[in-house]
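Here come two complexes built around subunit A, the first alongside subunit B, the second alongside subunit C.
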Partner chain A sequence: MSEIGQFSLLLAFLVCWYTVFAAIMGARRNSPELIASAYRGVWSFFFLLTIASGALMYLLAVRDLNVEYVARYTSSNLPMFYAIPAFWAGNAGSLVLWVWILSGYSALMVWRHRITDTPLVPYAAAVLMLVGSFFMTLIIFLFQTDASMTPQMVRDPFYRVMQAVLGVSGGGLHPTCNPFWRLPFTPAEGLGLNPQLQNPGMMFHPPTLYLGYVGMAIPFAFGMAALVSGQADNQWLILTRRWTITAWFFLSLGNILGGWWAYVTLGWGGYWAWDPVENAAFIPWLLATAFLHSVMIQEKRGMLKIWNMVLIIAAFGMTIFGTYLTRSGIISSVHAFARNEAFNLAFLLFMATSVMAATFLLITRVDLLKSEHQLDSLLSRESAFLFNNVVFVGAAFVVLFGTLFPLFSQVFRGVQVSVGVMWFNAILWPLWAALLILTGVGPLIAWRRADAANLRRNFLYPVAFGLLVAVGLALFGMRSGYALGFAGICAFVLATIVQEFYRGTKARMAISKETIPVAMTHLVSRQNRRYGGYLIHLGIVIIAVGITASSLFQREADLTLRRGERKPFQGYAFQYLSFRQFAEPNRDVHAATLQVFRHDALMRTAEVVKEDYYAEQMRWTKAKILYTLKEDVYLTLGSFSEDGSTVTINVKLNPLVSWIWIGGAVLIAGTVVAMWPDKREREHRRRTALRGSRAERRRPEAAARA
Partner chain B sequence: MRARNIKVMISLGLVIGAIAVLVIASTTRSGYTTHYYRTPSEFLARSHDYVNSMVRVNGKVVQGSIRRTPVSAQNSLPVLDFVLGDSLNNTVPVHYVGTTVPDAFKEGADVVVEGIYTSEGVLEAKQLLVKCPSKYEAAPKPSGNV
Partner chain C sequence: MFSASVIIVLTIGVGLFITYPLLTRFRSAKSGEDSRTSDLMVRRDQLFHDIRELEFDYRMGKLSEEDYAELLTQLKTEAAEVLSALEEAERTPSEKPHEPLRAAPRDADIEVLVAAARQARAARLRQGPEPAKRITCPSCNAANPLEAQFCMKCGALLAAETKGNP
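The block that comes next holds the complex of A and B.
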């Protein structure tokens, strides 16, 4: 089976390069046959990688421990449910997943646009295949010499040939990140999967994030195609709008799932720690969000064209960088593993080359990107979006700087200085506040220039409501300035959204005599982009409330309890009932049973555990969370005496954390609404796409009226 | 037209300037950044520079140096004292008050201590992290759990 996988990878590599050339030649010579052949190349690439991925899943499922990757990340007693996700537990498998997703996106993209008559599509396909070829090269050709092996121990025929051709000496040739590599011997047992990764979140989090990362390659490829082909009007944005939202959807989902996974499994009571791996997923999200907003300005007003190119290049660069950060060990953290110089160099080289090539292309074609309008006023939607973009990019830059700070300081001062959670929070809270305010302002303020009447009409009630909430909370005894400020801002944004829904519904009811629910449904479905956007903003507001409350008002205590003893904490009481120790197939479990009382009424009987995993030789303290909408009771077993006579329980009260996940769900739902295919829009897109670029120039005016 | 554009540009400049000022102010502020040392020897060579600031030192728990003081009438939280070293000559005494001692903390363990270096030459630990042997390919999370 590993041979099938390896052979598919080799074929895919060849197909990939053929497609690059066929697509470029086809587009340059305007040859439909060559272009059609390139499209078939893209589909074969996807097909071959699907076979390779299937082969890897099979090897993991049957625990073929002779395959190094399988031996390294699974063990015979690992449940099947976690054996398959071990696909992306290590470097090699993650890279295969990356290209597999890329090939899937490319295949889908080519399928969707196969009849669209524009050179953008073949050029974009070529760019995507170039990106794919880099990852294929890493997987297939990157190798190291293993001194503990002799050349005769290399079993794979391809690597035997490579060893002979390259004359590698000093040991056996060993590919660095090829998951199909067979060991010269079969180990008795595998090393097992890190137990913290043995969680349902692990099933979904990495692939979701990769779907987001890789998805950004599509708008990037179209942007580059626009520059190469010289068709740098708005067509590339219109063709990629839904792709960008799709990528953004997965990036958002990946970030939210990541936070949820950290909260549920890591047991330290928080959901975000500014860990480099978290940042690696967050930076592309910030840039993608900026891009989603600024393309609206280009679509409707023909402005910010160069800026959009810069943004998509940066966003794509950051997705590659994010992949690199999680796959290399440059800044150590939970997932960051695998130290390998050749790997690091190859990645850095690819990043530098692609960003530089893209920037060079942008500079040579900059005259194609003339702005059609000027900014008219500081108080206008254009400038609100511009500020939104500057703050988003600024935040991305701050997070990047903080993440890389240990590297800078190591290079320049010889000491590794890292920045902590406080550093990030201190810098970023004003930025989040500004972005939240813009969330309310941006969608409502007038285009071109807002006059006093417009401002009064749109913002009088929301501002009043925001102030009312802040003052009200202060009267009820809230003393934290941060909390009052954020509560006021969130209330303001909420009021703008409600006001929009109210006005839209009322207008529909007046025109078409519909009932409230019908009018609202029609409102959202007829203008799904706009109202989906409002729903996303609503989700952001809810998340902001949850984050503000849980970061400012968390309370914590360590309670040492003898058996039967009960101690109070903040209106709760915790009684230690019993202790038991038992063995599961792959671990020992130490468990203490507690009763949790709220205002002297029994709330729940809960068991907190520490587990010792055999194969991984690792102990893990699991969190027990009692969720409520008001606050979560977050319990962990701190320590226990061997006979179980006393235990120390760590209790954290996390207010409003559930709202972060609720807000996340609203955001995801809003994104689905915004990307829902709209029949009229699809017709329009097909017509404009077929008519080519001439029609496009008229579109901004038509869209501006919408 | 031009003048308004300039107004926008100046405002954008102010925003960017404000972000830059925030970054610089936070980076130079003590307690917001942590100096990280791979060995106690490296740290001790420069330790006088770091009195009262946040440091993170990576070392081994010296055999026989662990002293635990359980909860009693005097102290409401358990106290843990031990010595961090890379050789017997280069050691730093560590004082920790609290219960979040990582699961794998023991004599000879490879630990990272994050805390404040006091003028008495003691590292007041805020957080103890245990490094897993490289086999597991996972570094600790802020919890201190491995």
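The block that comes next holds the complex of A and C.
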């Protein structure tokens, strides 16, 4: 099976390069045959990578420990549920997943636009395949000389040839990122999967994030295609709108799932730590969000065309950078992976080349991107969008700087010093506040220029409501300036959204004489992009409330309890009941049972555990979380005496954390509404399909005539 | 053995699949005229959408009256241009108009626009080519160009066999 996987990769590599050339030649010569062949190349690429991925899944499922990747990330006692996700536990598999997703997106893209008659599609396909070819090169050709091997130990015919051609000396050739590489011997047992990864989140979080990362490649490819072909009007934006928001959907979902996963499994009571790899996922999200907003200005007013190109190049560059940061281990993090110089060099070269090539293209074609309008006034929706973009990009830069700071400090001072959570929070909170305010202002303010009447009409009630909430909370005893400020802003934004829905419904009822529920439904379904966007804003506001409360008002205590003892903390009480130790197939479990009381009434009986994993030789603390809408009780087992007579329990009270996940759900729902194909698009697609089938029908006639 | 046969089948299959369009007299599913019409239709739909949204924005108080009037005129002018260009494309005999101009815009304004465009077209059709080259719609008896697949007035399917294949 590993031979099939390995061969599929090799064949896919060839197909990939063929497609690049066929697509470019086809588009340049306007040859439908070559273009059709290139499209088939894209589909074959996807097909071959699907076979390779299937082969890898099979090898993981049957635990073929002779395969190095399988031996490194699984063990014979690892549950099947985690054996398959071990696919993306290491570098090699992650890269395969990356290209597989890229090939899937490309195949879908070509399928959707196969009869859209524009050179943008073949050029975009060529760009996507170029990106794919880089990752294929890494997987297949990146190697190191393994001193512990002899040249005779290389059994794979492809690598035997490669070894002979390159004349590797001082050991055997060992590909660095190839998951199908077979060891010269079969180990008795695999190393197993890091217990942190043995969580249902492992199933969903990495693939979701990759779907987001890789999805940004499609708007990038179309942007480049627009520059190369010289068709730099709004068509590329219209063609890629759905793809961009899809990528954004997955990036958001990936980030939210990542936060939730960290919260549930890492056991330190938080959901975000400004870890380099988290940042690596967050920076593209910031840039993609900026892009989503600024394309609206280009569509509506023909402005910001160069800016949009810059943004998509940056966003794509950052997704590659994110992949690099995640996979290279260049900055130590909880996600740390082994470092490898050749891998680093290849990635840096690719990033540099692609960003430079894209920038060069942009500079040479800049005359195609003339703005059609000027900014009329600082008080207008255009400038609100512009501010929004500036803040988003600024935030992205801050996060990037903070992420890379350890590298800078290593260069200048010789040690990696990271800037820490405080630094990020201190610098970023004004930016978040500004973004939240713009969330409320942007959708309401007038296009072109806003006058006093417009401002009064749109902002009177929301501002009043925001002030009211802030003053009310202050009267109820809230003393934190940050909290009051953010609460006021969130209330303001909330009021703008409610007001939009209210006025929109009223306007619809006036125009088409509908009843309230019908008008509401039509409001959302007829203008799904706009009202889906408002739902997303609502989700953001809810998340902001959760983040503000939980980061300002967390309370924490370590309680050391003898068996039967009960200690109070902040209106709760914790009683230690019993202790047990037992063995699972792949780990020992130490578990203490507690009773949690709230205002002296029993709330819940909970068990907190520490686990010792055999194969991985790691001790792991699992968090027990009692969720409520008001606050989470976050329990971990700190330490315990061998006989279980005393235990130390770490208790954290995290206010409003549940609202972060609720807000996340609202955001995701809003994105689905905004992504839903509206009537126009369905109509257009129907028409395109019709045209395609008619051309299909004509084909035999044409052949007969010829 | 199993792996070897899978590998051989894969190579041959993928090779044939990719080269098929090059080896046979493959005809692409596209044609230039069609795409021009389709682009115009996309633009038209976009404009109708913009007009509707503009009116909505105005009613929600997000636009001053002068801006509303000015933008509306701009959009309507462009919409009228697109509509007449579409009509032009439909009259060009090289490619058949498979989609009538009815795009179901909701607001009265747009209806008026479309109605005006239709009248203009009908007038031109009346003084157009001789009636022998027309096909009568089975459901509403309107005259349609020979190439039409759908009735331009009511949208009904025009039976393909009655006009014979070219």
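Throughout what follows, the second predicted complex is superposed on the first by the 676 of 706 C-alpha atoms of A that agree within 3 Å, B and C clash if a C-alpha of one lies under 4 Å from a C-alpha of the other, contacts with A are read in each partner's own complex, and residues count from 1 in each chain.
Convention: contacts are C-beta pairs under 8 Å (C-beta built on N, C-alpha and C of every residue); 3 or more make two chains touch, one makes a residue touch a chain.
All values derive from a computational prediction rather than experimental measurement.
Contact with subunit B, but none with subunit C, is seen for A:V398 once the two complexes are overlaid on the shared chain. By the touch criterion defined above, A:E341 reaches neither subunit B nor subunit C. Of the two partner chains, subunit C is the only one that A:N458 touches; subunit B does not reach it. In the superposition on chain A, A:P406 makes contact with subunit B only, while subunit C stays out of contact range. By the document's definition of touching, of the two partners only subunit C reaches A:E33; subunit B does not. Look at A:F387: by the touch rule set out above, it reaches subunit B but stays clear of subunit C.
For subunit B in complex with subunit A, the residues that touch the partner chain are 1, 4-5, 7-8, 11-12, 15-16, 18-19, 22-23, 26-27, 29, 31-38, 46, 54, 56, 71, 77-78, 98-101, 103-104, 132, 135-139, 141-146. Only residues 90, 191, 194, 196, 262, 266-270, 273, 275, 332-338, 374-378, 383, 386-387, 390-391, 394, 397-398, 401, 405-406, 415-423, 426-427, 430-431, 434, 558, 560, 610, 616-621, 638-639, 648, 650 of subunit A touch subunit B when the two sit together in their complex. By the touch rule above, subunit C contacts subunit A in their complex via residues 3-4, 6-7, 10-11, 14, 17-22, 25-32, 34-35, 38, 41-42, 45-46, 49-50, 53, 55-57, 59-64, 67, 71, 98-99, 103, 106-107, 149, 165. The touching residues of subunit A, counted against subunit C in their complex, run 1, 3-4, 7-8, 11, 15, 18, 32-37, 40-41, 43-44, 47-48, 51, 114-118, 238, 300, 381, 444-449, 451, 454, 457-458, 500, 503-504, 507, 510-512, 527, 680, 683-684, 687-688, 690-692, 694-696, 698-699, 701-703, 706.
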